[in-house]
């Protein structure tokens, strides 16, 4: 078997006296669809903040595509192929949707020397794929919630990632909208992009993931096939707060 | 140059000066520290109050009494200021602090020039029985006016500490500083509480302004020297802590007095700002912050 | 090419400035013009960090003062000519910008602004205690004869600052239109999202600090020869900081033309008032305009113009 794309081993994170993550290890293969679940405050977002470089982990190591990420800042990790969306969307409010994508194309895609026209074309292609093409010239501050979620995924795509981390991209969305976002993620995965999905909506996680990991209070409590994790007693206890 | 006696002198005098610095900073500790309003107008309000005390001094009114008389006036002024700030910046949300800062700088300039146009650029002083005399404690000569300011400073921070810990409104103000949303859920209107608190902050500045003209002669642009001092004290204290403000004021006062005696007055203006930079760099939450 | 109108505009402006220097007799025009042009550079430079990147710098005075005193130092020490004074000032300003940036860019929002005020006062105190450049009392400077073809020094200063205006505005415009500008806007809108989109935020901010600082100090430098005198209190006057910021906010920070318009409007008004009434009224106008604009027109003249244009278009 080939080396994993992402390998996290023994990662911890403390905020003052509070331990947000304790000794987390996980491996994700290229092309995998991986689900990360856990109750609120269990450390999911902290973990992906450590992976994407927004936070520094206190202990352990994170390797991506065979290279240690320790000491690299978030933008360097993005350039190596880790892109993410945010739980609460963080658009560049003063820019149009197209410009939001161009930021990533300008800065994350290094060494390809995209001309302005090529960058525009690629951004439009991504927006087309995600179903936002008609909003390209709209100001991002004026988008609806579902459009914002899609734009975040599109902007992450514009960084040409190998690994896409979707942090609750469906939170606050209704049935049909969830299917739309889920469709998008399936499409991206079909193109060879590895996806980590963090989600509260269990149906979505179950449908999407090949493998699921559950965190609780900063520890891994269970990992495996989606149904097996759902059926695990510890997982049910964590969610019920028993 | 160095001697232990000089150092002791500096520490004693510095403590007095420091309590005075705490007194002039308390208003800012409320408005900036607790309410998060970038109130750079605070020092200009101090100077404005000093001129008020000077005007009332013309009617033979004691400066401290004058400060007390000015308090309700400044309370109303503070409420008005906060209303404008809230309506135009806080409500609009984006970049509120930054545009608000520009706004308060604009108000500062207007106050400065207003004072110049009304009273000219000359230095002004006030008269009172405790100004101009000094007493000796432990063989250290201490000007009476410093003692007056010292006592008032302790009283002021004591009363405010009680207010914020013991009264309902005081606790509500502290709550608004920490979690606006929680307060709203409890059915209180955070905006009205903040408005009230800003009124208090400005009223306190009125009394502190009276102390200012007791301690030193004032001129229209004296506020600029106090931008550094007040912000230094408030940031060092950890935003919004009353006892912290007192300790931070004393640290600044002692540091300034020592530098003053050892290196001369020309280095003094940089002390507060250097301390401020160090704190921002090393411990942005302040010495006593959360 | 979209740069052609700009280049033509710059050429026309420079030609006009040079022609004026040889045609207009009244020296006062150049005394006033110098100040207005100087403020165009300052506001434009301020906007590169404050407007594009959203880091509100209250330390323009620090850079102006350091520029003035760099000029004084190299002039007193080596008799350096004007252009060398300005180059030296630009270099020191860039270095100061980098230093301030490294020290303070971790601070967000108002704390950054306060830190820049701190840098100003500390720089002023250091200069006050530097005897070589005159200390607190200041220093008299005897300016050399003007370089040919200029007949008076003040006209030469005027033309030199006009050139600096073109450099500053061209730089600001280039930054705005290039990828750097987009990166800085991303920083202003959301720094974490910018990092995660691959934007090297610290590097861009430092770049903005250095360019902005270099331009400010270069604009400050000729003030030494302009006044033939320098003292710490006026060189580091807080008015520079608030003016540069006010001009940008009044003009509008989103576009390079904003600070230019704001500076022309405000500095011209001030020059006029200084002569007709008093210099205090200057500061009053600054305060009143600043308050009026941040309250009533948060996007400045550009914002007002845009809205008027849209309303007109709808009709």
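By written order: A, B and C. Residues from 1 in each chain.
In this text, a contact is a pair of C-beta atoms (placed from the backbone, for glycine too) under 8 Å apart; a residue touches a chain by one contact, two chains touch by 3 or more.
Computed from a predicted structure; not experimentally measured.
Colleague: Chain adjacency by touch: line, ring, star, complete or other shape?
Modeller: Topology of touching chains reads as a line.
Colleague: Computing the C-alpha centre of each chain, which chain sits at the greatest distance from chain B?
Modeller: A
Colleague: So what's the Cα centroid distance for chain B and chain C, whole Å?
Modeller: 32
Colleague: Measure off the straight-line distance from the CA centroid of chain A to the CA centroid of chain B, and report it in whole Å.
Modeller: Centre-to-centre distance between chain A and chain B: 48 Å.
Colleague: Between chain A and chain C, tell me the centre distance in angstrom, where each centre is the average of that chain's C-alpha atoms.
Modeller: It comes to 43 Å between the two C-alpha centres.
Colleague: I need the residues of chain A touching at least two other chains; which ones are they?
Modeller: Expected reply: 93.
Colleague: Quick one: in the complex, what on chain C touches chain A?
Modeller: 179, 182-183, 185-186, 188-190, 192-202, 254
Colleague: Under the touch definition given earlier, write down the residues of chain B that touch chain C in their complex.
Modeller: Touch residues, chain B against chain C: 38, 84, 88-89, 92, 95, 97-99, 101-103, 105-110, 112-114, 116-117, 224, 227-228, 231, 235, 266-267, 269-270, 273-274, 276-277, 280-281, 284.
Colleague: In their complex, what parts of chain C are in touch with chain B?
Modeller: Residue positions touching the partner: 54, 56, 58, 103-104, 107, 109-111, 113-115, 117-119, 121-122, 124-126, 128-129, 135-136, 238, 242, 245-246, 249, 280-281, 283-284, 286-291, 294-295, 298.
Colleague: In their complex, what parts of chain A are in touch with chain C?
Modeller: 52-54, 73-75, 78-79, 83-84, 86, 90-95, 99, 102-104, 106-110, 155, 158-159
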